[in-house]
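Read through the structures below before going on.
In the two assemblies presented below, subunit A is common to both, partnered first by subunit B and then by subunit C.
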Partner chain A sequence: MTSSKLQPATRRRWRGSAPRLTPYLFLLPVLVLFAGFKVYPYIYAAWLSLTKIIKGQTTFVGLGNYGRLATDPIFYKALTNTLIILVTQVPLMLGLALLLAVAFNSTLLRFRAFWRTAYFVPIVMGLVAYGILFSTLLNSHHGLVNFLLESVGLPRVPWLADPVWAKVSIIIALTWHYTGNSAVIYLAQLQSIPGELYEAAEIDGATAWQRFWHITLPGLRPAITLTVVLSTIGTLQLFDEPYVLTNGGPNNATLTIGMYLYQNGFKYFDFGYASAIGYVLTGIIGVIALVQFHFLRERQA
Partner chain B sequence: MFAATGRLTRLALATTALATLATAASASELSGTITVWSWTAPADGLEAAVAGFNELHPGVTVKVEDVGNPAIWDKITTGMAAGGAGLADVLNIGIDYIGNYIETFPTGLVNLSEVGADDLAAQFPSGMWASGSSADGAVYGIPYEVNTSGFFYRKDLFDQAGIDINSIVTWDDLIAAGPKLKEATGADLIAMDKAATVADSAGLWQLLTNLQGAFYFNAAGEITMNGPAGLRSLELIKKANDAGIVADIPGGWDNFMMQIKGQTNVAVIPAASWAAGVFENEAPDMAGKWRLRLPPSVEAGGLTAAISGGTYLSVAGTSPNKEAAWEFVKYALGTLEGQQATYEGGGMFPGFKPMLESDGFVKKSDYFDAEVNKFFIDELGQNTPVVNYTTDYARALKAYTDAQTQVLLSGADPKTVLDEAAALVAGQTGRTIAAN
Partner chain C sequence: MRINRSPQTRVASLAVSAVVAIGGALMLAPFYWLIVASTHRTRDIFSNPPNLVPGDQLWTNLVNLFVGEGFGHAVLNSTLVATIYALLGGLVCTAAGYAFAKFRFAGQGVLFGIVLVILALPSQVTLVPLFQIMVQLNWLNTYQALILPNLALPFGIFLMRQTMQSVPDELIQAARVDGAGEFRIFAQIVLPTMRPALAALGIFLFLAQWNDFVYPLIVLRTSDAYTVPVALASLQGLSDTDYGQLLAGTMVSVLPVLGLFLFLQRHFVAGILAGAVKQ
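Entry: the complex of A and B
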């Protein structure tokens, strides 16, 4: 009798607790990695941003690093550069990606798989190979780009050595690297737009432009929201391209917030200041992303 | 009870005896593996010292790793910031980094004074020795490479233009000769990375400023980059640039090679002593065309010598095998035999005085038609000032490079940009700008 009384109870308890524990066990590896490589560095960097190494001792300085940042002309230069690249490069890239996605989706295009792959390949290219490729192409003396410009009678361009052209070079490299990524996202969304809509519109006499404007674009809105927000975050964190192409120069013309953070941390060993830059950047990204989400969601509704 | 105490005492005595034995044994018979971090040619030099070291300490395995430069600085910095995790036992560290490592990470490197490094001090140039020590004189690095200024010029181009190199005494003379040389040969006098987008491009300014006995900072650590010497240097550079005799060649190794090989025609390369071997190895076809001399002075009668960088060997504070690591450093840099093997293998210019005075160290080079090492020994003999890199060299270097870029690319006023750069460094570091 006692055993039969116990058994259901045990079973119930086992049954009751198992479903609650199992999902967490499955999540455990991710949670451990997330805690170790994300949460811990975030918290540690927050602490670091309130410290300064004085005579070899990590010393608490309160908001001292943030105060210094507020009056640091180089930080404002980095911020301005980053914003200039953001407002020119992101619209340019997403516009191009949209055109490419529509082309990739068109039945008129032959060898579609080839074109899709060709435009997506740059995204998997390693940083170093990419850096060498572009610095060779854009070399002012023996670069292919200047050779082509000269051969059609145009003057040479100091691609990496002039403050304005250096920014242009960064924008070109960025666009080359990431356009394929956004194009693939658009393409996936395009394929979910029902073909009947286009057929119906065609029967109603809509032109190609009207079909694009009234069917394609609204259908792509979720993908556009996603890519705008992701590209904005990516560009605000921009580091790779100026690092491999211009080293932030000439005279800080392509210094981005990410580059400045790197310089402070790894060149000047000023980890506290670098962490403060990281937190200010996080704040900027948070605010801009919120504004974008808010804006794009309202238009959707 | 009594018996137990007795046994304990005996055990303790035995342990002490064993420990003593172990210490005595480890001094003569070290064992284990030590790793050495260096790059390219300096790594080759250290590799060459391993065989001789193993004759003395057969139990120690030495692994020399070429981790690349500048990658090595990021690797050491991250390792230091992580409390020394993952660092090699022996680290090859540049003069421009070591001061900052010593001050920022007080336990990152072993205080070599505690293991007898001070005995070596008299064997090395004092200025170079001082830069590897902390403010209170504790030694953290033993000088490996000691570079002095190497002024290389194209004899064929100067001859073609009919300019007697011996008539050039000061940098003003040299710059004045530039247009004539360019007209006759088409070659620019000198090359600079005007946009400084590949590497920092401050070598020439640092040389000119050193020749006037100054640097970014003075001995007290105050900012002097915008002082009279620094300003004079940038004015000289601007004068050369305005005269149209400065070629704009991006920095980096490949572009340096193109100058050496004569593919980019420049008449003068103010490099450092380490470059002499590179010329002979990389551009054998140019034999007889390049010559070497002491650099011109800035003011007539001024210094014609400058220490232009160098490197140290240090032992990581977290090394599990510090004793073996120090023995290796001591062998490679503090013995004539080790120095000879290292020099043979890598060709880095040494600072060890017995090595500089040893037979055969000064020998005639057919390539330069001169006793090359004699120039550098002469420079070490001149009374060059101690170069104070401080913990903020990297910031000052960056601020200067940006100032120079404005002068070279958009003709900015040297005084204005140098004052701005000094103010920027002062704001970043809390250092004061020295009163002129």
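Entry: the complex of A and C
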């Protein structure tokens, strides 16, 4: 044992702290994987976005793909569709989730644990599975939903065949899938708000609405920020639901940016254009997320 | 808490419970319908009036699916890939989370910044480059092509770093003073105390891999390499889709993860929330 020859104090310090390399060793697998499968692909995609395959050769075309994108009506259609779904679905879902979380936290609700699970389980269903399920349920001629509508005297709805209803179908599917997840995040934050705040407000004569507005909502601010930003990023990347439910149709009414990227990359094999779409999407996500973050943080202060 | 409820409270309670129950029934209805539809033939699934009780075709549908379409391959692929992914990914993310939470080292801020940037970047950008990497490595149709690219999951690293902060430094320090090696400390002290968070991360990773669709669709080019979602999508793409078989397959894809989730949901919800809200 060489260490026994050291001074006691030195020995203790040597034994009490980790060798300098240790954290890097723990990080090594992640660093290698990131370098190979994240950093390199992102840089490579940036390069690809500046190229075009001409006569089988990858040729540098500068900002040509971005120029083409700026005047591509289908891209604007995809962007508009994505933004329409974003501004309707995210507030609808988060509003519902907020109400649900308040209900889950309230002693007024019976069988709370059961309902919490019931609203949360859709998240385990894979996108392909629920795409298949919803496309059979929403089938115009033979679907269960239209049968139920007809049986109470309402007209059949062309769920997946009409440009507007196809968007509605996607919004319904997204809301079904993710609302419980957001509600559970809100619930966790609600439970961290001290009960004394509500008791004090009640003694001061605050109404239920005032308590919600002045205690619950400010207390939920961090969770609201988190869910708004994450849902926005997720919706801007929307791909799976339109892919399995409508395939972007009818007439591109549900084509999203994510789907347009996929079509260009893996249907037309235009890797350069697909990469340019990816980088424009990155830019849009970055700007919107930063604005939201700034706005929500500011109001919190 | 309150034992004697006023009539007014009872009415409010009934109203809230009824609204939540109606919404909850809508949430669960697709699951019920999935079970019903997987037990019928295609024409009985779309019959008028619809069948709302289970039929007797489940076995036929499953035989068509597993014997006729070789769906067993897909189930085996998905099970193996998702299990290996959850185990390795859990380990890799925990090790990184440990380094970020319990050490101070040069470049720490920059490296954690990279984790956060990758968390926010849309993964679709990497689809084309990853496809080309897999072609060059000759990894199309392989398990490693599915497992490796997302093994270092930024969300997982972030979650484990958050949770790791609640492990007392004294525990690790004491083991060091006792002369335990760094990897022994990690394996025998850190990992066991992280068990609930590890369980949550493990389920999260398993679900993510089990349900992943776009990326597997791109790197899996032959049907015997398909995972469950890719195999299901290929069945749906057929011109005369056998919906009984398709929905039986969908049920096979949902029930195991539903069971796993219900069995471990306490860990899952608590673990994910710890990371989500604590920041």
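To be clear about the criterion, the second predicted complex is superposed on the first by the 282 of 301 C-alpha atoms of A that agree within 3 Å, B and C clash if a C-alpha of one lies under 4 Å from a C-alpha of the other, contacts with A are read in each partner's own complex, and residues count from 1 in each chain.
Please note the rule applied: contacts are C-beta pairs under 8 Å (C-beta built on N, C-alpha and C of every residue); 3 or more make two chains touch, one makes a residue touch a chain.
Being a predicted model, the structure only gives us computed values, none of them experimental.
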item: Room on subunit A for both subunit B and subunit C (clash or fit); value: clash
item: Partner chain in contact with A:L296 - subunit B first, subunit C second, else both or neither; value: neither
item: Touched partner set for A:L281, first subunit B, second subunit C, both or neither; value: second
item: Partner chain in contact with A:L83 - subunit B first, subunit C second, else both or neither; value: neither
item: Partner chain(s) touched by A:I233 [first = subunit B, second = subunit C, both, neither]; value: second
item: Partner chain(s) touched by A:A206 [first = subunit B, second = subunit C, both, neither]; value: neither
item: First, second, both or neither for A:G180, with subunit B first and subunit C second; value: second
item: Touched partner set for A:T117, first subunit B, second subunit C, both or neither; value: second
item: When both partners are placed on the shared chain, which of subunit B and subunit C touches more of subunit A; value: C
item: Contacts of A:I74 with subunit B and subunit C, given as first, second, both or neither; value: first
item: Touched partner set for A:Y268, first subunit B, second subunit C, both or neither; value: first
item: Subunit B and subunit C contact sites that coincide on subunit A, given as residue numbers; value: 139, 266, 271
item: Subunit A residues within the subunit C interface of the complex; value: 12, 15-20, 22-27, 29-31, 33-34, 36-42, 44-45, 48, 100, 103, 106-111, 115, 117-122, 124-130, 132-137, 139, 141-144, 147, 151, 176, 180, 184-185, 188-189, 192, 222-223, 226, 233, 236-237, 239-240, 243-244, 258, 261-262, 265-266, 271, 274-275, 278-279, 281-282, 285-286, 289
item: Residues of subunit B that touch subunit A when the two form their complex; value: 73-74, 77-78, 81, 100, 103-106, 194-199, 248, 250, 391-392, 394-395, 398, 401-402, 405-406, 409, 424, 427-428
item: Touching residues (chain side subunit A, partner subunit B) in the complex; value: 53, 55-56, 68, 71-74, 139, 158, 160-162, 166, 245-247, 249-252, 263, 266-269, 271
item: Touching residues (chain side subunit C, partner subunit A) in the complex; value: 1-2, 9, 12-13, 16-17, 19-21, 23-24, 26-28, 30-31, 33-34, 37, 45-50, 92-93, 95-96, 98-100, 103, 105, 108, 111, 114, 118, 120-133, 148-152, 157, 173, 176-177, 179, 182, 186, 207, 210-211, 213-214, 218, 228-230, 232-233, 236, 243, 246-247, 250, 253-254, 257-258, 261-262, 265, 269, 273, 276-277, 279
